[in-house]
Amino acid sequence: MTSTLSILLVVSAALFCTGLLAALSRRHAIFILIGIEMMLAAANLNFIAFWRFGPQSAQPIGVMVAIFAIAIAAAEAAVGLAMVIAVYRHYRTTNVDELDQLKG
Amino acid sequence: MNIVALIILAIFTLAAALAAATLPKLMHAALSFAVAFVGVAAFYFLLGAEFVGLVQVFVYVGAVAVLVVFTILLTRTDAQKDRGFNWSGVLVAIAVFVGLLWAIFKTQSLAINLPKAEPLTVARIGELLMTSYVWPLQCVGVLLTAALIGALILVMEEKR
Amino acid sequence: MVNSIDQVFVATKQWLISWLAGTPDWIVQIASALINIGALLGVFLTMFAAISVLERKILGRIQNRYGPNRVGPFGLFQPVADGIKMLIKEDIVPARADKVVHFLAPIVIAAAAILTLGVIPYGRNMTPFSIDGGILFFFAVGSTTELAVFMAGWGSNNKFSMLGAMRAIAQMFSYEIPLIVTVLPVVMVTGSLTPDKIVAAQHGYSLGIIPHWFVIKPWGFAAFILFFVSGLVESNRTPFDVPEGESEIVAGHMTEYSGFKYATFFLAEYLGMFAVSGLAVTLFLGGWQAPLGLLEFVPSYLWFFLKLSVLLFVYIWLRGTLPRMRVDQMMNFAWKFMLPMSFTCILAAAVWHYTGRGWVGWLWSLGVIAIVYLTLSILLDTKKKFAPRTYRFAE
Amino acid sequence: MNSLIVNNIWLIPAIPLAASVLILGFGKSARIEGAAVAIAGQIIALTMSIFAFVPTLQTHGFRAIQNFTWFTFGDHALRIGFVLDPLAAAMLLMITLVGLCIFIFSIGYMSEDKNFHRFFAYLSFFSGAMLGVVISNNLLLLFVFWELVGLASYLLIGFWIDRPSAAAAAKKAFITTRIGDMGFFVGLLWLYQRSGTLLFYNNGGGCLENAGLILLGASATFIPLLIFCGAVGKSGQFPLHVWLPDAMEGPTPVSALIHAATMVAAGVFLVARVYPLFAVGAVNGVTSSLTVVVWIGVTTALMASLIAIAQFDIKRILAYSTVSQLGLMMVSLGVGGVAAGIMHLLAHGFFKALLFLGAGSVIHGCHHEQDIRKMGGLRRLMPVTFATYAIGMMALSGVPFFFSGAWTKEEILDATSHWPKSHLPYYLMLVGVVLTALYMTRQVIYVFFGNRRAASEHAHESPAIMTLPLIVLAFCAVALGVVLTPAWPWLDSYLTGHSAHFDSHLLIQSTVFVSLVLVGAGIAFGVWFYRRSGETDPLQHAQPALFRFLENKMWIDELYARTIIAFAKMLARVSDWMDRYFWDGIVRGLGALGNIFGSLTTTVDERGINAGVDEGTVGARELGRVGSVLHSGQIQTYLGVIAIGMIALLLLYAWLA
């Protein structure tokens, strides 16, 4: 009833939702980043899975996309963490509930 | 593809991910995060994308995780109030998960048998990166450089 | 005959596996892996024991003393005594420590070290885990060490531990870049990330006596030196043992460890040393290949371990000779000298490749390296701007 | 060297123009340097003109052209070019030589002026522009230089800008010539429209060559007449002659150079240059356009001679003389004596420049007094000036055998006498000859003979730098008389391209005796009539009404003031009234209408819309306040909302599927 691909997709969905959970529920700013990284990893997992189960075309597009996604995610993490540090320096807090300067 | 290995790996990875999302101590969560990513890398190995798996370990465990723990170290405060948990997020996450599950099981075309695949060699990936994907590669190079400089400027001591 | 001696270990493994004929595939795979792991652990734990006593004895000779000579003949059983001592010591965990992290740190660090050993070809057909991106695997797993060191420092909840860990991570990060970049010329020239292929690419001899090892090429020689120095830093060896310098911060991230956990750290450090040296041998010194065509009858693994031993001796020799560097000097060295030089190696390798890989290319790449080296030595010359060292004594 | 100049003929105008720019660049303090540069430029131009003149002498019908494309629009290319032929070469030589003399004279005459360098810059500029007119091989290029000449004239007439009369004269000159140029430009465009080219000579394809002339068709009468309008304006022909006497407000060297020798001759030159256009379809050498030219010339010549008799300003007399001589040249051209006209133009250039410079010398000696009634008895005080002036006077009057004007005037009279259409111009010309002798005699008697009057009490001879050019020009005036002797009509043949033979019979013709008698009569009558001239003119005694009529220039200026200018003023007043009351009224009415609408909308705005908008704004603010609650600034909330949106989309999809 369930194919291997479905299991992979379920795992990926679960990883995504875990990431969402981390991003939504935790008060600490770093967790938002961790959650986003997890969501990105889930997307990558999907790319790889579909590449593996898709037709074996001439170019492993899924793999290439995953590689670039990892590189970009690394850049995002670096900048994001730098921002967390900068925000911490400025406001002396990393609690995102207190970082609401943009509220209406 | 060993289904048992897959399921064990899935449980391991998801447990680590859940730990990363919920553990109250920041450092534990960060380390769980690293473990979860090792699990994801293992998935890539299992799926035959060894290179991506290695890159995943290299980038996330070797670099991002260390960055995260460094950030935790540098922003250490009275962490008590940062440990709060927003329960509404759980509901939303579960709702999304249910929605995704429904979508996955609704889709009929996923029942594909694993195709026989040529192993994807590193040489092939390198060749592709230098031919078809050379522009994306250069763009990513520029992006990483920009991110490096941007991160440095962000964390530079503010001159008063 | 020669061939059978060369392949004796391979044959033994196959004989063991043949017992499992008829069982499912995955059982064979797991058995094969277990055999490999067992062999690795057996060999390298023995080597660890040997080197721990040999180091003390060699250092003793360098420092005009005997070194350990009480336990067994020539003190050779000293490691056994040490092992027993370590095992029976009390395992102290600080009260305010993060116990889980504190516990996991030595395990992770040892596991990483052992994993890195897995991809090195020790002899003909003797690569425990032959994977496509072996070199990448080595560094991917090796980078986990940093996390483990951090775990140790953090989990101990001790200022010295934390500071030591920070120092260790800072220097490992800094030197990881030249370490990896100096591998790139080899990878470029061979066109492969697989250690076996890299070793195979160094096969053959010019004029029957000069081996085709990469260390013979100017770029290879420069890269080898840089790689070796970076490896020295990665394994926290003197003169780069700043993170655990006893006279400065007790024992760095290992301060709060005792007993078997401490021994594990020690073990991991030596295993890391073996791994980096092994990789250096693989990449630059022709791996298990014999230095002369005449000497090819000597089994390949013997050549490998001979070369490894030479490198390890150099490690010990340096430890006995050089004083510890200051942190800032070390960092400056990494970013201002090592990094440009390692990029120059890439350039020189490319020049070598495009000028035909012959002796002309040899001279060209020598020229490139010489020019950059001279430029850097002029630019980085501090002109003795250091203040003369002053000594203060208690009155 | 010759070929170098012939192939680079553009250098001749370019050098004075460059000198002009250079002088202006020097600034005010560079007096000597400015003059030196101007004179050096003029000497170079003269030398080059001589080099250009030589090959034209050597070859009959010499014509060198250099054409090039100025710019291209669509399929058409506007081609301009330069031409060197006997006409141009002779003009070049005359202009540069006379110009050089006048430049040198100016050093002395203008020595006390504070804008010394500017004067020389303008003179150089004028010289360059005039040389450009002469060598243009394109009617448009000629027009451009023509206008530059006009500009130079304007600048130089108004050189003493602090004198209101000078400024007014400059304006008058500029505007009057512009009226003529308007016709010129229309003619130019019409010509281009018909023939498709403005090049004069283009190896058979130019507008003056047969191929171009055939294209003119019915417009052949009007195009030359329109171009002639320009010549009328520039050369001070009736009815546009009024500016030329007023132009004497400028410094005397300017009067000599521009308003006697060169620029005013440009009109004659223009007619000569485009003469093939006038001659299209000529029957027996007569066309309707040429007839117009003849009658305008005759009218001008006679009228100007008459006016000259009753003038007291030394320069004005010469100015009217110039006008009359130009009329004479026009007549000559009109009756077909092109060569005669041009020869007279060249000769006139020399002796009229001489006369003007002599007048300048007199004025300089008399401390800038120009009224001949206040002079007198100067022949002993200014002997050099007197001698040279007398030569000029005799050349102008046409005293035969030794003076250049005589022979050229003979030629013109001869040509006029053979005009088949009418003999009236010939007889009128003879009257003009008598009048010329008369007014010149009157002037010389007033200035140089008789008792010394107010201005001549302290008169003195001019310095050598001023008398030297006088002597040179006087020599030229006499020498040309020898050169131009009709016995050997080489210049005639040179200009027309026919071969010349020496023939002493040509020296003695019936017209020679006629003119000899007439000139003699004119001079004798003048000497007798003006023997006792004093503060009041003898003619004034004899015929007060006639004298007043002539003294006031036949009231032509007044006529213009009453008619054309009055009409223009009336138009202006009407326009002013229309603007003030009619259009302004409409505008005001519209404005008032706008005001009414404005107040209406203000009311509507304030009472109706504003109130509504206020209400709306309050509502919007309240809505915003409610809405801004959503805008919590919490990124996690935003993320959650995004996730909820995703669920909603999934649900929508499920519901639809």
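A, B, C and D label the chains in the order they appear, each numbered from 1.
As a working rule, a residue touches a chain if its C-beta (ideal position, glycine included) is under 8 Å from a C-beta of that chain, and two chains touch if they have at least 3 such contacts.
All of these numbers come straight from a predicted model, not from anything done at the bench.
Enquirer: Of all chains present, which has the mean Cα position farthest from that of subunit C?
Expert: Relative to subunit C, the chain whose C-alpha centre sits farthest away is D.
Enquirer: Between subunit A and subunit D, what is the separation of their C-alpha centroids in Å?
Expert: Spacing between the chain centres: roughly 88 Å.
Enquirer: At what distance in angstrom does the C-alpha mean of subunit C lie from that of subunit B?
Expert: 29
Enquirer: Using CA atom averages as chain centres, what separation in Å is found between subunit A and subunit C?
Expert: Those two chain centres are 34 Å apart.
Enquirer: Express in whole angstrom the distance between the two chain centres, defined as the mean CA positions of subunit C and subunit D.
Expert: Those two chain centres are 101 Å apart.
Enquirer: Check each residue of subunit D and list the ones that touch at least two other chains.
Expert: Each of 636, 640, 643 in subunit D touches at least two other chains.
Enquirer: Tell me, which residues of subunit B touch at least two other chains?
Expert: Only 51, 55, 63, 70, 86, 88-89, 92-93, 96, 100 qualify.
Enquirer: Hey, which chains are touching each other here?
Expert: By the stated definition, chains touch in these pairs: A-B, A-D, B-C, B-D.
Enquirer: In the complex of these two chains, what residues of subunit C are touching subunit B?
Expert: Checking each residue of subunit C against subunit B gives 26, 98, 100-101, 104, 131-133, 136-137, 139-144, 146-147, 150-151, 154, 162, 169, 173, 191-194.
Enquirer: Which positions of subunit A touch subunit B when the two form their complex?
Expert: 3-11, 13-28, 30-31, 33-35, 37-38, 41, 44-45, 48-49, 51-53, 55-56, 59-60, 63-64, 66-68, 70-79, 81-86, 88-90, 92-95, 97
Enquirer: Across the complex, what residues on subunit D touch subunit B?
Expert: The touching residues are 636, 640, 643-644, 646-647, 650-651, 654, 657.
Enquirer: Within the complex, which stretch of subunit B touches subunit A?
Expert: Residue list for subunit B touching subunit A: 1, 3, 6-7, 10, 13-14, 17-18, 20-22, 26, 29-30, 33, 36-37, 40, 43-44, 47-49, 51-52, 55-56, 59-60, 63-64, 67-68, 70-72, 74-75, 77, 79, 81-90, 92-94, 96-97, 100-101, 104-105, 110-118, 120, 124-125, 128-129, 132-133, 136, 140, 143-144, 146-148, 150-152, 154-155, 158.
Enquirer: Going by the contact rule set out above, which residues of subunit A touch subunit D in the complex?
Expert: 20, 23-25, 32, 96-97, 99-104
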